[in-house]
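In the two complexes that follow, chain A is the common piece, with chain B as its partner first and chain C second.
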Partner chain A sequence: MMRVTYAHMGTSTIVFKSMLEEIGHEVIVPRRPTPKTLSLGVQYAPEFACIPFKLVLGTYLETIPRGVDMIISAGGYGPCRAGFYGELHGRILREMGYNPDFVFFFPPLKKPVDFFRKIIQLKQGGSWRDLFRSCQRGLKKLKAVDDIEIRSHEIRARELKRGDTSRAFRKSLNYLEEARTTKEIEEARREGLGELDKVSINPDFEPLKVGIIGEIYVQLEPAANFYLEETLGNMGVVPKRTIFLTSFTRRDVVAHGDREAKERAEPYIPLVIGGHGQNSVGDVVHFAEDGYHGIVQLAPFTCIPEIVAKSIMPHLSKVKGIPVLTFFIDEQTGQAGVETRLEAFVDLMQEQRKNNSA
Partner chain B sequence: MTKIGIPRTLSYYTFYPLWKTFLEEIGLEVILSPPTNKKTLDLGVQETVNDACVPIKLYHGHVMALKDKVDFLFIPRLVKADDKNTFCPKFLGLPDMVRFSREDLPPIIDPTFRMKSLRASLFGFLYNIGRQFSASKTSIIQGYLRARKAHKKYHYLLNRGLFPSEAMENLNSPLREIDFPGPGKEELTLAVIGYPYSIFDPYISGNLLKNLQKMGIGIITPENISSKDLKTFSRYLPQNFFWYYSNRAAWAALHLINKAKKIDGIIHVTAFGCGPDAMLNKLLELEAKHHDQLPFLSISIDEHSGEAGILTRLEAFIDMLEHKKKAEGSKTA
Partner chain C sequence: MKGYLGIDVGSVSTNLVIIDENDNLLTSHYLRTRGQPIRAVQEGIKKTGADSPENLEIAGVATTGSARRLAGVIAGADTVKNEITAHAVAASHIVPDVQTVLEIGGQDSKIIIIRNGIVVDFAMNTVCAAGTGSFLDHQAARLNVPIEEFGELALKSNNPVRIAGRCSVFAESDMIHKQQTGHALPDIIAGLSEALVRNYLNNVGKGKEILPPIVFQGGVAANPGIKASFEKALEEKVTVPPHFDVMGALGAALIAKRLMSRSDKPTRFLGFELSDFQYEANSFECEDCPNNCEIVNILVGGELHARWGSRCGKWDQIEEKRTG
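Moving on to the complex of A and B:
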């Protein structure tokens, strides 16, 4: 048994916790990143590393003193930088005198041998059957979490009393966190969705629809994107993220990415440029054709693939007639600034909708 | 004659002799953009997405300088130049970034450069370009042979210690007439690590190399290291980078730190906001630290950096090195 930790990434945390516990590790659960976490990461990370790198480093530094033997993380294998994060995080931690084992997963299709070696290291003599079962349950839980999250976005924009949805959402997550067996997970999912349906809403309200595109970590970790989805929901907007961990595991980890998004991006960026740069472009086309009112692009400052994608945005926005708001997030970005820009963006979309219907 | 424009930055420092020789051989007139100046930079800053790094902005500036003078722009999409590394994502999307930046650009020739080795796939790559301009097969074959020869000679000259501008000037002169820099007579020798498009562009690097030479410092850059030496160190790191230029810079630095052992310090030239360099810079800093605390200076360049600022930091660094050397000398004496 080892004392294991991992990076905090949105709602997925509770799923990793139960999966690792099931294969017999003690889990040091990372706390949700705070501004303090970030400043800790900034202190030791390279200046131009992107915000996920800094937040994750900060998270490790906060969890390691709680007694950690092994850190688990994952990333792609180029050309995005995230694939090098394991190596550099490890070096920085060793430089500071910490020496936990670092298990960094690459996509199994790119590095199959390496992947299996690390799986074996992780399962530590447990049976393959248990591991498989645990993964199965993990996926199921992940899917339940995503279902609940999607429903919460739809309800929050229509809620009558601010904060009701968020409260119900947290309650539902608690149900799921405690669920262990397949049956319990299914039950928790139903209860959770029921909890959300109990929130009183205004059924006649027609919310604006906004697509959220961009880099995975800042999309998934609300602490990194200033609770963008909640903020939008409070402004009466239904946000639709392009990346959920379930779809991500299916499309990008096991297969070679989202084929449809790639096809849509083809006329603008004909090949994979790393990260989600190409997807971002394809997703704009998708959202525009799907009748969305606007798009928010999220990316860490100095994120190379998203910079390439952003440089196509003005043209794309004009051709497809959909407004795009880009946030490049770094440690200097402030909540108030994000909110002000979002308010202006929502006003613009409302105005546009009025003009279009008139 | 059809005119084709090549921007004088980014892959220019690695591939220009190859492109130029071939394109001229198939009957095109090659127009090179003028050396970087203030106007290039201003235009580049104006046209490029503001979050891009300064080399990408400069590239757009060079494109702007060419756009009214040429019929075509030659912007190959560099994806892979060997079996392992890709280029930085900005290189992968470069033709797209340029294409959607303005509407009044001449047509862009953007063949995809994705090869495991030049020997295996260069001919096919050049053949397709040739056919696009309906060149005859003989001229394509001849162009290919000459272009490879020029490319080889260019890199041979770089390995012998010349800088790209000198190597390009001497491309057609016989070897014995070329004045190669001898083995370091200089008191101090520094490794200047960085990407060729940053360190060899005098405008954006604040005349870094010239100023160092004026101070009598010997300089070694990654371009001066043979691919054999680089290859030795491609097995040194537990995990290599994914990017062609970053790996070259890292391996060159490791070679100089570990094997050559004749450098007194490292200067890493990096562009503000360069993604790969955020990783590379930290790695070099740590490697230098673990090898007898080798002095390490990192200089970050952006659209506002001036020669004076860079020079001041260089002078301070050199002073420190000289003191160190003196102190070490008196210790052993």
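Moving on to the complex of A and C:
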């Protein structure tokens, strides 16, 4: 048994926890990053590293003193420097005198031998059958978490009393966190969705729909994106992220990325620029064709793939007739500037919708 | 006579205007916020009340600017609007076919792209000082030139020096260097104006389609040097509207009027006497979940009047949903 931890990334935490526990590890559950986590990360990170690097480092530094033997993380290929982040985190931690084991997973189809070696390391003495079952349950749970989150976004935009949906959502996640067997997970999913359906809503309200694109960490971790989806929901908007861990696992972890998004991006950006830069472009095309009213692009400050994608946005926005608002996220923790822009963006989308229907 | 009050509380200035039913400007006030938005609003409302016609009845109030929520509670606003929308509304009102709004204030700057009377794109800069009024303020102080004379001096230059843009720190060291090598003051000031405009266009204005008519507003529009630099860089005529420094407040007043003309509810305006009330703000950290939200309390005469800041909404009393 090892004391294992990983980076906090939105709702995925509860799924990783149960999967690792099932194969016999003790999990030191990372807490959601706070401004304190950020300060800690900034203190020990290279100045020009991006915000995901700093927040993850800060998270490790908060978790390690609670007793950690092993950190699990993902490595990567291609032009985005995040592929090296795990290695760099390890070196910084070792220089600081900490010495946890690091296990980096690379896409299994690209490095199958390496992948299996790491699985064996994690699985320890357990049987393959148990491991397979645990992964199956993990995927099921991940899917349930995503289903509940997507439903919460649809409900929140229509809720009558602010905060009801967020409360019901937290309750639903608690059900799922406790669910262990396949049957329990299915039950928790149903009950969770039921909690959300109990929220009183205005059924006649036609919310605006906004697609969220951009780098994976700032999309998935609300603490890194000013709680964008909740904020939009409170303004009566249904947000839809392009990255959910279930789809990400299928497309990017196992295989070679989202082929459809890449095909849609082809006319504007025909080559791999790393990270999710190409997806960001392809996803705008998708959202525009799907009748969305606007796009919010989330990018860590200094993120090259998203900078390249952003430079294509003015043209794309014009051709596809969909407004795009980009946030470069760095160390600022003030919510006010983000809210001002979002409010103005909502005004803009409402006026455009009114104008288009007139 | 009915009037509509618009209040714009920014980090540097607090502006108030009243318009009548025909959109005529009745009063206009520009005060320094000096880090005390509550006091600035109270004082502004008192002054506005003293200056307004006797038979005036306030029929609607809107607040905008970075302290819009706070100001909304203090004044009793009928609506609270973001400053981007407020500036766009005001610019479209003064120049109905406007396509581009350049706005430069003390701590932030914006660009708003309007087509057929509708905002289609915007950008706002609040992180970097290099494209805002505080950059000019700071350099004027360094050069010992009153900020009011800055623009006129710039116009006297025939040969502006090149001063680094991007960052006010780079600009400053560049400027000192040019000073020490003996360049004339007007040339340096004109160079600074061009650097600010270059920064603005490269940063806030990046990727935006700037088409005429172009309206330039915000406190910095008082500076004819900057206006000239914009015209030179854009090769287009730039219009500075007569009330350029209170456009946010004017936009808010117009928004209040539109809202109240569609509604049969009375205004929530608390009256011009509110400067007599004792306002107080304090905050605490909620420890009920890991969010650790900072909750702000607004007290009037010792009693809790409004509260906000919680992510879950549990402490909020004045939050309203657009759904309702």
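Note that the second predicted complex is superposed on the first by the 357 of 358 C-alpha atoms of A that agree within 3 Å, B and C clash if a C-alpha of one lies under 4 Å from a C-alpha of the other, contacts with A are read in each partner's own complex, and residues count from 1 in each chain.
Heads up, the rule we're going with is that a residue touches a chain if its C-beta (ideal position, glycine included) is under 8 Å from a C-beta of that chain, and two chains touch if they have at least 3 such contacts.
Everything numeric in this text was worked out from a predicted model, so none of it was measured.
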Side-by-side fit of chain B and chain C on chain A, or clash: fit
Cα-centre angle that chain B and chain C span when viewed from chain A, reported as a multiple of 10 degrees: 80
So, does A:136 touch the first partner chain B, the second partner chain C, both, or neither? neither
Check the residue A:311 against both partner chains and state whether it touches chain B (first), chain C (second), both, or neither. both
Contacts of A:159 with chain B and chain C, given as first, second, both or neither: second
Touching A:200 in the superposition: chain B (first), chain C (second), both, neither? neither
Tell me which partner A:80 touches in the superposition: chain B (first), chain C (second), both or neither. first
With both complexes overlaid on chain A, does A:95 touch chain B (first), chain C (second), both or neither? first
Based on the superposed arrangement, let me know which partner A:352 touches: chain B (first), chain C (second), both, or neither? second
So in the superposed three-chain picture, is A:182 touching just chain B, just chain C, both, or none of them (first/second/both/neither)? neither
To be precise, I mean the smallest distance between any C-alpha of chain B and any C-alpha of chain C in the superposed model; what is it in Å? 5
The shared contact residues of chain A with chain B and chain C are 311, 314
Residues of chain A touching chain C in the complex: 31-32, 34, 157-163, 166-167, 201-202, 205, 227, 230, 234-236, 311, 313-314, 317, 323, 330, 332, 336-337, 339-341, 343-348, 351-352, 355
Which bits of chain C are touching chain A when the two form their complex? 66, 81-85, 116, 118-122, 124, 126-127, 207-209, 290-292, 310-314, 316, 319, 321-324
Give every residue of chain B touching chain A within the complex, in rising order. 48-49, 51-52, 77, 79, 86-90, 92-93, 96-97, 100-101, 112, 237-239, 241-243, 272-279, 281-283, 286
Chain A contacts chain B in the complex at 46-50, 53, 77-81, 83-84, 86-88, 91-92, 95, 268-275, 277, 301-305, 307-312, 314-316, 328
